[in-house]
Each structure stands twice: as C-alpha cells, then as structure tokens.
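Worksheet: the structure to be examined is printed underneath.
Note that the chains are named A, B, C and D in the order they appear, and that numbering of residues resets to 1 at the start of each chain.
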Amino acid sequence: MGRVRPQIAPWWRSVLGILAGRGFQALVVALVVGIVSFIMMQALPGDASYRIAAGRYGYDMMDAASAEIVRLELGLDRPWWMQLSTWLGELATFDLGRSHVYGSRVVDEVAKQLNYSLLLAGGAVVASLVIAIPVGIAAGMRPGGKIDHVSLALSIFLRAIPAFALGIVLVLVFAVQLGLMPVAGFRGLQHLVLPSLTLGLGLAAVSSRVVRDAVAEAMSAEWRLFSRTKGLTARRTVVSHVLRNASLPVVAYVGVQGAYLIEGVVIVETVFAWPGIGHSLVHAIFGRDVAMVQGTALALGLIYVGLNLVIDLVCRLIDPRSA
Amino acid sequence: MNTMLDDACVTVSVDELRVHAGRKALLGPVSFSVNAGNTLVVMGETGAGKSLVAQAILGNLPEQLHADGVIEVDGGRVDNVPVNVRAASWGRQIAALPQEPWRALSPLKRSARHVSETYRHVAHHADPEAACAKAFEALGLTGSEARLPGELSGGMAQRLAFAAATAGGAPILLADEPTKGLDSDRRARVVELLSAVPRQGGTLIAITHDVAVARALGGSLIVLREGEVVEQGDTRSILAAPSHPYTQELIAADPSTWPQTLPVAPGEVLLKACDLSVKRAGRLLIEGLDILVRAGERVALVGPSGIGKTSLLDTLAGLQTPASGLVQRAGDLGTRAVQKLYQDPPAAFPPHVSLKVCLQDAARLNGTPWTEVEDLLARLAVPLSLLDRRPDAVSGGELQRVALARALSARPRVLLADEPTSRLDPITQARTLEMLAEIADARRLGIVLVTHDVDIAERWAHRCVALT
Amino acid sequence: MRYFYAATILAALALSSPALSRDGNSVTIASPWEVASADPAISGFVIQKLQIMENLVDADVEGILRPGLATQWSVSADGLTWTFTLRENVIFHDGSEFNAINAAAALNRSFEQPGVLSKAPISSIGPGDGVVVFELEHAFASLPALLAHATTVIPAPGAVDAEGVPSALIGTGPFQVTEFSPPQALELVRFDSYWGKAPAIESASYLAAGRAETRALLAESGDADLVFTLDPSGFSRLADVPEVETVAVPIPRVLTLKVNASHPFLDDPQARQALSLAIDRAGIATAITRFPEGAATQLFPPVLSDWHDESLDPLESDPAAARALLMDLGWREGEDKILVRDGQRFTLELRTFPDRPELPLIAAALQDQWRAIGIDLTVNVSNYSIIPEGHKDGTLEVALYARNYALTPDPIGTLLQDFGTGGGDWGAMGWDNKAVAEALDRIASTADQAQRSEAVSVVSRSLQSELPVIPIIWYQHTAAIAEGLQNVIIDPLQRSYGLSDIAWAE
Amino acid sequence: MNAMAHDETSPMKQRLAISTSRMAGLLLFAALGGAAAFGPALVGHDPASQSLLDARQGPSAEHLLGTDHLGRDMAARLLSGARLSLGLALLSVVSAGIPGALLGVLAARSGGWTDRLLTAFADAVLALPGLLLVLMLAAIAPGSWWALYVGISLTLWVEYFRYTRQRARVVLAAPQVEASRMLGFGPSLILRRHLIPEIGPGLLTIAAFGAATAVTAVAALGFVSVGIRPPQAEWGVMMTELLPYWREAPWLILQPVAALVLTVLALHLSVGGMRRP
C-alpha cells in the first residue's frame, strides 16, 4: 500500500501529527523527569555529601573529612533552586553535567550503560517475539483448543514467576548442567542469550496472549471467511489477510512492554552482573548521585517516548486508516 | 465472468437437505435443483434458516451444525466430501456474495487488491491488474481503487465484494441477503448486477427477505418458515398468487403493497424549523429546510443514505445545534416532550440492565404509573415475561416495541423515529409501523419518520419531505 | 515474516554454541567489587589488586614492605624528611616515561583527595632528581606503609583529564587494560615492557558480580577461574565440586560494634562489657559466617601477628553475667522483660548497611540475643554513610560494620584514626583514653621494636577492658580456584590477586 | 452469517471454561487472603524470633514449613509476608483505581481542556518510568511500606484513567445514553445504569492485573533490597535472604517464590487469564 498516490497528502499530515505529539511529550518528560527526580533527591533524608562520599570512597575510606571535601567540591551548600536552575540551564545545552560520585560525564556513563541495556532489552524483545508469535498464532488458530489452554496456563505461570528465579533456573540448566552458555558478565554475544531469555520469557508470557487474541479475532472475522470463499487458500488467507490485521494490536503492545522491561532490567542486570542502566540507576539513587539519576531517568523517559513514536509510525504503516 | 459462458448446464441440486444442531432440527427437508442460466430465490425472515441453505451448499456450516441429504454441484456429489476438499471449488466453481460487504472485506486492504488478488491466485489470470481494472470499470468502481473498504459507500462495497467474489470465474453464485440495508436505488443496481449472472449462463442462488428483490430476480422460489418449506415453485406465479398464508403475509408486508394512509385534520404546531441548515463533521448536509410538525401528523423524511437524515433528526430533537436557522418548540412543550426511536434497538438500551429496570426508571422519572406502562406493553403485544430479559436476549422487533413503550412513558408530544424498522424483517416492520401509527393517532402525537424506503414514506406517512 | 523467525532462531542457535573454550593462557577473575571509575581515590583497590598501577612501596603477604616503584627510601635524622629513590627506565602502558615529576604530581593529588595520605602529617611532597621528597610536620614512622596503600598508586600523566581527574586506567603495572566497561568488567593483557618479572599468563578478565550466588555459579560452571569472597553457603557447596578448590584465609578485617561511649546507657565500661557478654559469637560464627574459628576473642586477629595478644583473657559469652553487670548499674526488669532505669527503657538503635550481606543478618541476631538480657534493639539498615554522619552529629548509639585494620601493611595508620584522641568515624566514639593515644603516637613515630611492642600491649589491653568497639567476628577471605591454576596466592592484606605469579599447569 | 452461528455456541463454551477456572482463581485468592488475615494468629510463632542453633530446618511438627537461616519459623514469616504483600497490593490498587476511574469519567464527560490536560498529565506520568518513582520514594523512606504504597499507586492510576476515559467516551456518546438523557436520566442514574455496568468488569480486570504487578514489584524491590528491609518478613526480602541456601535447603527459597506464584496465579485466574480489557 506504500505505492498509493492519492493517500499521500493525509498520510503525511497524520505522520507529522504523530511526530509533533510525541515531540511535545518528550519535552514534557524532560522537564517532569528533571524536576521530579531533583525534588525527590532533595527530599531524601540525611546529608547528601555523606552519601556521595560513601559512594566514592567505599566504607573503608569514607569519613566526615571526605564528606566535607565532597560538599565543597559539588557546591551542595548552595540553595536547591540554584542547583536545579543550573541543571536545567545545562540541559538546555544538552549537557547533563558530571556524575557526583565518579566525576565522569553523565552523558558518557549513560551512553555506555544504555548500549548494554538496549542490547539486553532488544534481545529480550526479539526472544519474546520469537516465542510469542508462533505460540500465539498456533493458539489463536484454534481458540479453546489444546494449544490454547496449555499456552494460557504456561503464560500465567511465567508471568507469575519472579525474573531472578527464572534466571537462576536457566543458568542452572544451560550454564551449569549443560555448559552451553556462560553464567554472567558480558564478553560475547552468547552472554546475551540467558539474560535476554529470562526477560523474554516474561514478556512472551503476556505478548503471546496478545498475539493469540488478535489472531483469534481475525480468524473469526467475516472477511477471513470471505477471502476463503472467494477462492484463496487457507495459507494465503492467513499470510495476506490474517497476519496483517492481527499484527496491529501486537505491535501496539510492544509499547506497553516498556514498563515491564525497565523493571525486569534492574533485576536481571544484578543477577547476571550486566553493566546496564537499571543497575546503575539503583546505585545512583542510593549514592545520591543526583546528576546520574536525572540523566538516567531522562534517558529512560526519552527512550520510552521514542519507542512509542516508532510504534505509532509502524501502526500507521500497517493501518492506513488514519485514525 | 467471461468463463461463465464456457459450459452450458452447470447445476446445483439438493435432495432432502436437513440441518441439525445436535438433536434440534434447524432446516429441512429442502429439495431443489437449479440449471445453468437459472435463478433460485430463497425467501423467508431472519431465523428461517435461509442462510443455512447457502452454507450447506458451500460447505462452510459452523462445526456444531451438521447437514444430511444429498447435495450435487456440477453433477458431482459434495455433501460427503470433507470441507478442505470442497474449499478447492470455492471461487472457481461456487462463489458466495457476503451479507454485509463492509464486514466481509478485510479493512486494511485497498479496494483494488481485494479483486486483483483473486484474479492472481484463484483465476491465475495473466494480468491481474488489468483484469481488475476492467472489472472496476464494469461495476463503475473506477477511481476508488486506492480507497479502503471503510471509505466506500454501502453500494460500492457491495459491488466491490461482488467483483472480488466473482473474479475467480465461478459459474455458480450464492448471494445471501445481498440488499440488506441498501436504499432503494442502490438495491436496484445490485439486483441488476445479480440478474446478469444467469443471463450470462451462470447459476444464481439468491437469499432475501425482500419481495421486491425476489420479484426482480425471477427464476424459481422457495419460501422458508422456521426451517420448513411452505411454498416452492416459479417465482412470478407464486408472488402473483400466493397459496400459503405466510407467503401472503410476506407479500403483504412489502411496503409497495401497503394502502395509502388517509390524510388527517392537522392539529396545533408542535415543532417548527425555519430555514434550517445542518452540518456533520464540518460538512454542510442540508440547507434552508422548513419543516412543520403538527399534532397527530406523520411526517416522513426520505432520502438516500448519507444525506444527513439522522443529523437533521438530532437537530430537531435539540441534540445538535443547527448550523443556521432555528428549531422552535410549541411553548407548552417540555424538554421530555420530544422523544426518539433508534435504527438499532439494541444500541438504544443499556446492555447489562434488564428491560424492566429500564422501563421502571423511565416511568418513575416521568411520573407515569407502572400499570399504564404495562397497558402500553399489552397494546404493543409485548409479553411482560420478556421484561426480565436483557436487550440482547430479545428479538429486534420486540425490542423496538419496548423502546416505543419506554419513549411513550415520558408522555411525549413529538416522536422522532430514525429508520426504526430498517433492521427488521418485512413482516415485523409492517407490524411495528402499524402499531406506531395506531398509538400516534390515539395520542395525537406528531411523528417524524426518517427512512430510505420511498414506499414506506409515501404510503405510511401523511406528509413526505424528500431530501436530496 | 516467517523467514524472519527462522533467521532469529538460527541466530539464537548460533549464539548458543559452547561458551568460550578457555584459552590456554588467560585467567578470569570474579569478585564483588565494582570498578566504577579510573580514579585511584575511588577504585584504587581494584586497580591495585589487578596490578594495573603500582605504588612506590610494595608489600608481601606478611605485610613486610619491599621496593615498588621506589627502589629505596630513607628518613632524615629528625624524622621530618623522607626521600624515596625512584626506579629507573620504568614506562607507563601508554609508553610515557615514569619520573619524579609525575610521581610527585600523582602523590600530591592523592594527598588532596580523601585517603590515607591526607591523614598523614605531611607538609609538602616534591619531586627531586630521581627522587620524591616528603616534608613532614612531625615524625611519622609508617609513611612508607601509607605509600603502599591503594589510593597512592601512580597513574600515568596521560590518564589525567583536563579537570585533573584520572579518566583512563593507565599505569606501570605488569597488566594493561584493553577494555573497560564500568562498573562490571575489565579486560587485561600482559604489559610486555614491564620493568619487573614478566607474568606467566598473557591476558586476564575481571568481572564484578554483585550477588554471591552469581559468583558461586561462575566458579562452578568454570566461567571464572578465580572467584573471591564467597557466601558461606556457596563456599561449603563449592568445597564438594571437584573442578574447584576452595580456600579461606584469615584477614585483618574485623566485624565490630561501634559503641557510643558518651551515651548515658553506655558510658560505663561495665555496660559495654555486658553488651559484649550477651553476644553469642560462637553461634554467629557457626550459623551465619560459618567459620567457627572466626569468633573473635579480642579486637586483633592472630593474622595481625604483632598486635594479636595471646595473653589477653578472651571475650566470653555469658548472658547471665551480662545481666548481673547491668543490675549493678541499677537496671531493673520492666513489665515487658525490657530493663528500665529511673524511668528510661533500655532501648538502642543499631545502624548498619546491606553492602556486606552478613551485616543485616548479624544485626538481626544481636537484636535477638540482646533482647534476652532485656535490651530492646532497633535495627536501621541503610547506607553506611549514616555511621560517620551519626558519629559527627552524636546521634549514633551502636553501629555494626567490618573494619579492615590492614588498609596499609602497618595497621597503625588506621588505629590512629580509630582510637587516637577524639576517636574516629569508624572507631571509638565519645571515648578518650590518654594512655592509648600516647601509645599509638609512640608506635607511629618510632621504629624501635621494643618500644613498639610495649606500646602495642598497652593499646590491646585497654581496648579489651574498655571495649570502645566490641569485636564480634574475624573475617576469612574466601576464594574458589579452578583446578590447574598454579601458585595462586591469596593475599591476606588484599593488596593483590597475584595475577603476575599465577600460571596454568601444563 | 457464519459469525452469527458462532456467537450462538462457541462463546457459550468459552464462558463456561472461563467460569470454572475463574472459580478456581477466586477460591485460591480467598484462601490466600484468609491465610494472610488469620494465619499469623494460628501459626503461633513470632516471625521475628530466632534461634540460630536450629537454623535451616526442614518441615517439622514444631515448624510446619521449617525454619530459615536464622532459625525463624518459615510459616510465620510467609504469612506475615502475605499480609504485607496482599495488603499493600490491594490498598494501592484501591487508592489508584478510584481516583483513576473518577478522573477518567470526568475527562470523558467534560472533554475540552479538562480532558486535554488530564490526558497530557497521564501521558507524562506514563513516560516517567514507574520503577524510578518507586525507587526514589523507597530511597526517601528506606524500608517503609508507605513509600512503596505511594509509589505503586502513583504509577498504577494511569491505566484506570485511560481505560475509563476511553470506554466512557464511547458509552456516553452512544444512543443508549442519549435515549436515557432524553427520558430525563440524571448523572447518578447514567452512572449506575450505563457506565458502571459497562466499565466495572474491565476495571476489575485491570485491578487484578494491577494487584499482580504490585505484588511482584514489591517482591522485586525487596529482592534488590530497595523495598521492605530485613528483619521485616516480606517475600522479596525472604527470597534474597534465602537464595544463598538454594542448594543445601532448596525448600526454603522455594516457599516465598511459590507464594508469589500462587498469588499472581490466583489474581490472573480470577479474571479469566491474561486478557487486558
């Protein structure tokens, strides 16, 4: 349908609409994230400079003296609004400042960890789709059939079991017993398999059902029957009609999975010693590394918006009915 | 359709066809046979099992139903052949025209693709695009190749479905309620399209509840009632001299045969619209319209679908503000003195609440004693036992009458009816409109009826305003 | 679409080929400690352990100092001027030359940064001709020991960014960094133009795995050859795994209770002794840390040979006696079994932190054991910074943490901070003991062994009787070693993973 | 027509299938709730009282589910954990659901700027990673349940809002409501007869999903020792504490995991599976 000329004008209009909407959202997110995280970090009990010093020097080395040095170095004695305005000012120039704890540029830190986390998340999504789509289709073709019931039971179970437990089981089976995969760390692509499978199974639990529902609905639709009675083979009907219609809700759902991913990433990264963003976010929060928290949160927020933008566009591509 | 000329005597013959759901018999026995170049019309109201005939022949009966009896297509017996095998003949030997084209065309495919893919994969046509273009031209669809089914009018969608269904070159065409929900002139075009099939040597099996359609298609006729054949034979002669009372009723229900309503002495003006213009989605639909609604008078607004009848009605009801001009109510008309009847009765009721509760609420709010409501229902022939059910558990006709009772419990002076019977079977439609008329006369109501059926407008209403 | 699945599934299969078959000459190390930064002031410990950067002064496993980047050192008669002669033709991993200028610069920075050096009475650090010269405010014998500390390693001048923060891991050590993915992973290769003896192994990778279970699994699956700091359970399990050898080495890290001696309930040594008597060290050592021999009988573990004092009578566990002591102090049992004295319930808040998993457990144990003698203990598990913070603002009552008395080969530096005048953030609080303070100063300023050991016994005795901090457990440093890995040395001072000595059996 | 024939039969089958599994889910959930409510009293052990010497025991008459690494009674700890998790989950679901739904109706009813503002706000909240919010609240008040409670509620309300808004818009615009309005139905009656019956079931499903999410989130946070802190008995905390012993005393770590799995299972079954409204 890409080659359809008459639709072009409204097509562009709707795409621009999408872009504008998401762009605005991104802006809102940037402000909200910055301010909220900042205010929260301000509200945290105890003296930030102590926390930061602790994060920097470890408990063998940190003491009141080092906290004092930190306080002066970071100007934590300034009033909070001054600190906030500096941050926003720098943000306007796309500068996220330096990590309070490590002294390195937040941008670099976030970028580094983001690479790993995105790799992990991407792996997870791929894994989930590879599992969810065939299962979902199989189940959706015969709603109420064996496959349907079994996969439902499985997906509820997978949804229920905590990520780390799944991770440990996978490690035991594939790494310790079979020795197929490495246990943890990141040194090659095969290190990606187990963590992303752990996350992916969790995602597949839900998305396989989404696929199933979508397919089931498409299969029971009158237009499916018609495309059969007008002479198309069952297979062609599925390929050229069912899948396309069914893919719509599935794609839309990938956006919803973002939240689950962020939560999962934190857990899985700690279990698999994965140098990712979720892991460092927890550290940053407890190390009172305001700059890092803001940077990380901002990154996560913007990724979410970006993801949804892509999904909007893909949906727009699959479904030319400009809604 | 060119291939239809190829061989002369393709036939469908059905012998002692019965359809059961478990132990419950739904259809039959039915027997008939149609020759190439002939037409079979199956008539009867919804639930009479008309569709089952088509499904049995095609072989796509729902799993939980099963058919017995002998079905032969093209001289070959098919009823004992598994579905997946019979499916091979779909589109090539037998094609089926769907009931509701919008629902039958997958919503994400552009019009042309629906047809061209059939040419490509079913007819294995050398140049599908060209063939498709040809078909579009023949059906006057040229120009809407790139439009999505959702963007087509009912008539166009029906023609598109026709093109898609017949592109495979099947000589036998099953058409199930092909004219459902189409206004008269669109209906005419579809009928003409269908009658072309036998003329070109194909076989047409058409299923309808519309006497006019049956008459137009001719051929032979089977009249079904609750799954049983009540009359069978040559269409024209049966319609001319129906022997079975049910057939007579069916024919009588056809608006074109209704008696002309006698004019009444118009009462005081209840509703008055001057130089009214109506917009929908920013588009100006109706301009400079003047309408008077007097007590005891039935006004019909008639016009093709999409002309803005509904928006106009809403404007009169005060639910929508006029683009220009104004709607005046008689001074003594309260807000609830104008009530409305809807095209799709189930949509007009809260689906999860029993009818009784609905009626009781309405009665209480309008200070109408419950007994009065019950009398109304009695007059409308609605058994009180029905009231414990939910809207979806009641037939369309009954529900529309409950809706009428509900509206009346508000003691309205004006009743605005938006295609109140277009979704009903002819007999039910006739009965419903009859009752509406009675009550309106009795209560001296002013009625505005929106319809696309010119016959109804002319024969049932006192005054007919044509919107063009 | 289906092709896409096929592709991905294939890819997945391709990936799941057996994990890196161990290349003959590389070693993988896993430990809990993350490498967050290239700044020695922050990550010095790991940088030093992995032999990426080096100190002027090195130390062997006994803590005996030996030449590092400095070949020799001498102190002036008045003990105020130290001169360190630097090793010649040493180059950094980036090829730049190691000399007095950049050595002095690095040391000055670690002097300004929080760390051991900043505590020393230094007035100036300056480069000389092939030497670095320290001017002191007063005599300080253990300066060389401080220069063996992780925060005083020497990064290459090229590693320092515009703000003067070391931002790359470049040093003079036998291993150079090829890949750094903070905070988890490091890739190392042998540095071929290293001044000293060339290591046997060619490359090594370091992986920080926060969770003990993960580390145990790494060891068990053979993904890591050398795994440090195992949890008790993992340790006992790995003992049964044939491919892995487990070792436990006592280290001078002690799990202690910091007690606010100026707190009205705790200002009397008797009260502190009562607290100590109420602690079931054996129970904790058996059930939680699972090294029964780790139950502390005094502050200094045997491994600190010249501080551990056999003649001291060991700390006992005797709830009844504890109760008796408290009764003497006028405490009486209240209706809810909790002691009361002139209207005040005996309630204390214990602060600790989760970074060492055993701490909350032991805190929970203490909670239970002290309730038995009528003390109501509330546990506050939080960031460890609340301990120095509480020390500063005086709100701290009791704190539980693990103190390493061998930050420097000679514990004196640490002890000065902890038990010198005014106490220290990780040491005594509200407890001033002239005798001890003097003794420590004497030890710090003299090199004469006789004087030292006399002073030492003064310190250890009064610590035992006064209990400004209550020792509970002596730590074991645990490690799992893949079979075939030879001459692995587990350094009790945790200064080195001994990478340069390790070799695979032929 | 085919579809119609389907409607008569197969959904009936499905409805039956669901209702049995639903019943199972509801019963299971009731059982869990009951256990959480009354269990602690019945077990008769203090979840906090330890005896290091009989740590990590298997099930016995004395300790029905054995003892943990500090010799605390597992049954008691599990149950008090259940109390905490379920209580927290239900509480946050309620306090997220009611305002969420009300705002949704408000937005749908008044439209215009009110609608736009509320929607924009909801979107912004959505884009703020929920976990971040919870983490930071947890950091403000370490180990306190109310921080988790507030954080979870704050992240959960959006879903109710969006669902209610979107459905309410449809319903309010439908003929059914128009007809009722013309008959003089007031807001309260519209709410009772139209909105609640239409939206209620969906909201319940969302609530079940939300509760499941909350329970897992609490455990997850406990597991990364961000949420509830030791010595408080909470499933996630128990998981971290017991994980080290998964080889020598597997039954220990299995218990909190099983508890979590059962809870989520019950919640999902009780709303007939994994289908979001």
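We take it that a residue touches a chain if its C-beta (ideal position, glycine included) is under 8 Å from a C-beta of that chain, and two chains touch if they have at least 3 such contacts.
Predicted model only: the values in this text are computed from it and were never measured.
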Common contacts of chain A and chain D?
B, C
Tell me which has more C-beta contacts between its two chains, A-B or C-D.
A-B
Reference chain D; chain at largest CA-centroid distance
B
Closest chain to the protein's overall Cα mean, using per-chain Cα means, please.
A
Interchain centroid distance [CA atoms averaged], chain B/chain D, Å
47
Separation of the C-alpha centres, chain C versus chain D, in whole Å, is 44
Using the average of all C-alpha atoms in each chain as its centre, how far is it in Å between chain B and chain C?
86
Residues of chain C that contact two or more other chains, please.
211, 213
Shared-contact residues (touching 2 or more other chains) in chain A
168, 221-222, 225, 270, 286
At least two partner chains per residue is the criterion; list those residues in chain D.
2-3, 6, 10, 243, 246
Going by the touch rule set out above, what shape does the chain contact graph take here: line, ring, star, complete or other?
other
Full set of chain pairs in contact is A-B, A-C, A-D, B-D, C-D
State the interface residues of chain C toward chain A in the complex, per the touch definition above.
1, 5, 8-9, 12, 15-20, 30, 36-37, 39, 41-42, 45, 113-116, 118, 151, 163, 165, 167, 181-185, 187, 205, 207-211, 213-214, 217-218, 220-223, 353, 355, 383-386, 388-389, 391-392, 401, 403-404, 407, 417, 424-426
Would you pull the chain C residues touching chain D in the complex into a rising list?
211-213, 231-234, 236-237, 280, 283-284, 286-288, 354, 357, 360-361, 363-365, 367-368, 379, 381-382
Could you list, by residue number, the parts of chain B that touch chain D in their complex?
21, 51, 54-55, 60-62, 64-65, 99, 103, 176, 317, 319, 335-336, 338-340, 342, 344, 347-353, 357-358, 361-362, 365-366, 403, 406-407, 409-410
Within the complex, chain A is touched by chain B residues 58, 60, 84, 87, 90-92, 95-96, 98, 100, 103-110, 113, 117-118, 121-123, 146, 148, 150, 161, 164-165, 167-168, 170
As the complex stands, chain A meets chain B at residues 1, 4-7, 221-234, 236, 240-241, 244-245, 248, 318-321
